[in-house]
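One structure follows; several queries about it will come next.
Read from first to last, the chains carry the letters A, B and C; within each, the first residue is number 1.
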Amino acid sequence: MTAALSMDMALALAGLAVAFALGSAILSLLAGRVPAVLRLVATPLLGLGGLAALGAGLTALVLGGSVQATLPLGLPWLPWHVRLDPLAGFFLSVIGVVTCAVGLYGPAYVRGFEHGKDSLVALGGFSGLFLTGMLMVVLADDAFLFMVAWELMSLSSYFLVAFHHEQAANRRAAFLYLLMAHVGGLMILLGYGVLAGFGGGFAFDQLRAAELPAVWAGVAFALAFIGFGMKAGLVPLHAWLPEAHPVAPSHISALMSGVMLKVAVYGFVRVVFDLIGQFHWQMGVAVLGVGSLSALMGVLYALMQTDLKRLLAYSSVENLGIVFIGLGLSLLFLSAGFQSLGALAFVAALYHALNHAVFKGLLFLGAGAILHSTHERDLDQMGGLLRRKPWTGLFFLVGVLSISALPPFNGFVSEWLTFQAALQAWQLESGVLRSLIPIASAVLALTGALVAVTFVKVYGIAFLGQARSRHVRRARPGPWGMQAGQGLLAILCLVLGVLPTGVIGLMDTIPLGILGTGLPQAGARGWLWLTPVSPQTASYSGPLVVVLLAGIGLVAFWGLNRLWTRGAPVRWVRRSDAWDCGFAPPSARMQYTATSFSQPIRRVFGLLFLIDESVSPQEDGQLRHRLKIGDRAWGLLYLPVAHAVESAAKRVVRLQSGNVRVYLGWTLATLVGLLWIIT
Amino acid sequence: MDHYLTALGWGVAILQALLYAALAPLLVGWVRKVKARLQNRRGASVLQPYRDLYKLLAKEARVAHTASPLFRAAPYVVFVATWMAAATVPLLAVDLPIAAVADIIVLVGLLALARVFLALAGMDVGTAFGGMGASREMLIGALAEPAMLMAVFTLTMTAHSTNLSSVIDHHLTDGFVLRPSYLFALGGLVLVTIAETGRIPVDNPSTHLELTMIHEAMLLEYSGRHLALMEWAAQIKLLLYGTLIANVFLPWGIGQGFGPAALGIGLVVVLAKLAALGVALAVGETVLAKMRLFRAPAFLNLALLLSLLGLLSHVILEVGA
Amino acid sequence: MSLTLLPLLQQGVLVLAAIVLFLSFVLLAQTRVLSAIHAFAWQGALVAAVTTVVAATGHSHHLYFSAALTLGLKALLIPWMLHRLARRLELDRHTESLQSPTLVTMAAVALVIFSYWLVLPMIQEELTFTRNIVAISLAVVLIGLLMMVFRAQAVAQVLGFMSMENGLFLAAVSATGGMPLVVELGVAFDVLVAMVLFGVFFLQIRESIDSLDVDRLNRLSETRGDGQ
C-alpha cells in the first residue's frame, strides 16, 4: 500500500516536472518585453523541472513498481496513457541530472544573449517545450502520446538548432535535422503500426501482448532500429548530427547530445526489449555490427575535427555506438537463452548511456564556457586556458578522463562492464557468434584507445600550452553559476565511477521488470566490490582504487616536498624558461596544433576519410596549407539518396500543369483508385 | 575471494608492491649491462640506475614559466598509476587481495591513465617537441592498447576469469598444455611490450636525437624529483610487462602460499625468468635498428593481428563444441 | 572438446596448424617478394612438420615419406626456384603495396570465421579434432585465393596458388591420415611441373610486356580489347 502510494507520488512528481517545463516555456513569452525573465525565471524553472524529474525517476527506481494513469487529454476515444516504471524512471533521472546542471549553468549563459538581436522568446519557449517533449516521451504509455511527444521534441529542437539562423550553414543544418527527424519519425510510426496490427490497439499494454510471427517481429525491429538509430546518430545515418548539435546554444547542445540521444535509446529499448519482447540472434548481430561501426567511425571522425563542439558531437556518435554494442550483446545473449548475461550487457549499456549523459553534458558546458568568454570554437586558436579558467579547466579534465574510460572515473566502469559481458561469449553455443563477439570487443578496445587520443588532443591544445590568439589570451573565469553547473556534473562523474555497486543496485529493478532477471551477483560482496558475474570471474573495487591512488600520491608528494627537504622547511620549484633542447624560447606559433596532433592517425587511417589537402605558395612567398576532411557517409549514402529523390521529383513535376481541371482529374482518379482498393 | 582477503595477504601484497619499486631499476641496469657487453663495451654498473634516481631525487626541480599546475601534478599521477598497475601483477605469489581490487582490464586502464597524463604533461609547456612526443606516444598507445587487450582476452577466455591470479591458477592446475592461442597471444604481447616500453625498434630509450624521440620528447622539460618519478615509472612499466610475460605464460615456480619458502622460491624463480627476458631484450635491441615512425603502425598491426588470431584460434581450435 | 584432454602430439598438430594459418596472413600482407617467398617456405616446412607428427601419432609409415617429399619440394626446391627466378627478373628489391592492407586482412579474418561456420555441421564427437583442422585448412585455401585476387604481381599469384595447395594437403593429411602414396606423388609432380611452367611463363610475359603485373594482361577481354 505504501509502495503504491509512493509510486503515485513519483508520478505526481513527474507531472510536476512537466508542469515546470511547460511553465518555463509559457513564462518565456514575457521575455520579449523583460529580457531578464529568461535569466531569472525561465531557465531556473528548467532546472527545477530537472530536479523534479530526478526525484520522480529515483523514486521509481528505488521502489521498482510501476504506476499507470490516464490523462483527460488527446482525442475523445483515444485518451493519453502515462506510465512510470523503473525503465522510464531511469531515463527520467538521466534527463533530470543534466537538466539540473543546465538550470544552474543556463542563467549566466543566456545573459550573453540579452543584448543581442536573437529572439529570447524563441530560446526560452522552445527550450521549455523541448524538455516537455522529452519528459513526455519517457512517460508515454501508448503509441499515440509517444509520437506526439516525439514530434514535439523534434520540432522544438529544430527551432533551437536554427536559433542562430543568420548564417546559411546553420539554416542548412537545421533543415537537414528536420528532414532526418521526420524520416526517423515515420519509421517509428510504421513500427508501431506493425505492432498495433497484431495487438489490436495503440496502448503499450496491447502492443506488449501482441503475438508476432518471427518475420513481422523482424520487420518491426528493423523499422524501430532505423527510426531510433537515425535519432541516435548511428553510422551510416549519423551525418546530420555533427551538423546540427554544435550550432545550437551550448547549454542546449548539452541537452541534445547528453539527453535527447538517450531518449532515442529509451525508445529503442522500450520497443525492442519491452514491446516486441522476442529476441533473435540476427537482431543481435545487426545491432552489434552497427554499434561497432558507429563507435569506430565516430571516434575517428571526432579525432579529425578542429571545431570543439563538432568534435564533441562526433564523439556522441561514438558513445552511442558503445551503448548499442552493449544492447547488441544483450540481444545475442537473450536470444541464446542466457538471461542473466543478457541482463548484464543490458545494464552495461544503460550505465554507459547514463555516463555519457553526464560527461558529455559536462564537456558541452565546458565548451560553452570557452565560447562564452572567448567567442572561439576553433581548437587551433585556443591554448593555455587552464591558467585562465582554472575551474573550468579542472572540470573539463574530469570530463576528459571520464570519456576516455580511465579508472577511477565513470566511463571506465561502463566499458569494463561491457567487456565483462563480451568475455562471457565462450558460453554461447554457436561458434560463429563466439568469434564475432571478440571482434566487436576488439573494435571497442580500439575505440577506447582512440578516444583517449582525441581528448588528449582537445585538452592539450585548448587548455595546455600557450594561447594561440589574442582573445583567448584575455579569457576570464566565467560566472559562478556556470562553474557550479559543470562542477555538479564533474562530481557525478567521480561518484558514478567510484561507487558503481550502489548505482547498479539501484538499476537492478530495470532488467528485473523487463527481462525478469536482475544482477544478483553484482553486489554479492558488499558495496566495496563490483562483481558482475561472480566474484571468481571478475571483481573491481572503485573505492579501493581511489583510496590507493590518492593515498600513495599524497604520501609521495608529501615525502618529496615536505619531509625530505635537505634542510629547507619546504622544497619549492624554481621557474625558468622552457629548455626545448636548447633552442630559442618557444613561441606560441611553434606549438603543435590540433591538425598536426592528429596527422599520424590521419595517415594511418587515411582511407576512411575524404581528405582534400593542398599546399599552395602565396604571392608574399609564404605557403598556405589547406585541409578539408569530409565524411564518407555523404558520398556513399546521402548524396545518392538526395539525387534519387530529386530525379523522382523531376518526373513528378510533369503532373503540375497549372491547370486546375487537370488537378481535379488527378483527384478523381485517386479517389476512384482508393475506393477500388478498399472494396 | 574472501579466503584471501586476509591481513597476511595484504602484507604480502605490500611487500610485492615494494619489490616492484625496488627491482625496477635493477632490470633496466641489467639490460643496459648486457647490451653493453654485446656491443663490446664494459658498460656502467648494474646499480647505475639507482644512483641516477637518487641524484635526481636530491636535485632541485626547475619548471618552465609557461607550465601549469598539471605539469607538476603529472609525475605523481604517472608514477602512482604505473606502480599500482604493477602491484596487481603477481610477482611472488598468487591469490593476493590486490588482484580482487583491480583485474587485468583495470591494469590496462591504469596504464592508459598514466599515458594520458604523460602526454598531457608533454603538451603543457607549449614546446614543439612536447607536442610531437605526445602525438606519437598517443598514436602508438592507441594501436598497442587494443592489441594488449586482445592478447589478454585470449588468456581470460581460457581461464574464464579476468582476475590475473585466477588465470595463473588455471594454468598451474592444467599442467603443460600446448595452446595455439597462447602462442599468438604471447607474440602479440611481446610486440606490445616493445612498443609500450619504448624499446628499439619502435623508440630508442637512450636517444635525445630530436626527430626520432617519442618518450624522451615528453620528458624534455622535466628535471629533479619530477624527472626521477617519470623515469622510475618507466622502469616499473618495463618490469611490469616482463613479469606479465614471465608469470602468465610460464607460471611455474610462482608461490601458491604465503609461507617464506614459497615466497623465497617465487622470488628466485621470477628473478631468473626476468634475467633471461632481459638478455633476450638486449639481444633484440642490439641486432635490430630503429624503424621509421610510420613503420610502427605496421609493427603494431602485426601485434593486433597476432592477438586477434589468438582469440580466433582459441574459439576455433580449443573450445569447439 | 577440451584441449586439455588431447594427447600432447595432437595439441602439437593444432599449434602447427595455427601457425600455418598465421603464415597465410603473413603471405597476404607481405609486400616484399623475397620475404614472401621465405614465408611460403616456412609454411611448407610447417606442413611437413604436421605430416610428421600425424605420422608419429597414427603409425602410418608412408606419411613419413610424404613429409619428406613436402619438405623437399615445398620448403626447399620451389622456394629456391622462385628465389632464383626473382633474382633473374631483378625483383629482389621490388615491393608491391596492397591497396588497403587493413581491409584485405579483415576480409581474411572474415574468411576464417566463414570456413569455421562451414565445418560446424560436422558434429560427430570423434571428429571434432579433425573438424577444427579442416576449418583451418579451408581458411588457408580461401586466403590463398584471396591473395591471388588482390595481388597483381605474378610471383605473388604463384605463391597464393601454392599456399592453396598447402591448405589442401594439410586437410588431406590431418583429416584422412593422408592420401594414397600414388596420388601424393602425382600431385607433387604436378606442382613441380606447374612451377617450371610458371617460370617459363614469367620470362615470357616479362619479355613481351616488360612487367609482371597481371593487371596488364587484359587482352582477352571482349569488351575492353585495349586493356593495356
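Here is the rule we use: a residue touches a chain if its C-beta (ideal position, glycine included) is under 8 Å from a C-beta of that chain, and two chains touch if they have at least 3 such contacts.
Predicted, not measured: the structure shown is a model, and the values here were computed from it.
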| item | value |
| --- | --- |
| Chain pair with the greatest number of C-beta contact pairs | A-B |
| Centrality ranking, top chain (CA atoms only) | A |
| Between chain A and chain C, centroid-to-centroid distance (C-alpha), Å | 48 |
| Whole-Å gap separating chain A and chain B, where each centre is the average of the chain's CA atoms | 35 |
| Interface hub residues of chain C, defined as touching at least two other chains | 102, 109, 113, 116 |
| Chain B: positions in contact with at least two other chains | 308, 312, 315-316, 319-321 |
| Chain A: positions in contact with at least two other chains | 431, 435, 439 |
| Interfacial residue positions of chain C with respect to chain B in the complex | 1-4, 8, 11-12, 14-15, 17-19, 21-22, 25, 29, 101-102, 105, 109, 112-113, 116, 128, 131-132, 135-136 |
| List of chain B residues in touch with chain C within their complex | 174-181, 183-184, 301, 305-306, 308-309, 312-313, 315-321 |
| Complex interface listing, chain B residues touching chain A | 1-2, 57-58, 60-70, 72, 76-77, 79-81, 83-84, 100-103, 105-106, 109-110, 112-113, 115-116, 119-120, 122-132, 134-136, 138-139, 141-146, 149-150, 153, 156-157, 160-163, 166, 208, 210, 220-221, 224-225, 229, 293-294, 297, 304, 307-308, 311-312, 315-316, 319-321 |
| Touch list for chain C against partner chain A, complex | 100, 102-103, 109, 113, 116-117, 120 |
| Of all residues in chain A, those that touch chain C in their complex | 431-432, 435-436, 439, 607 |
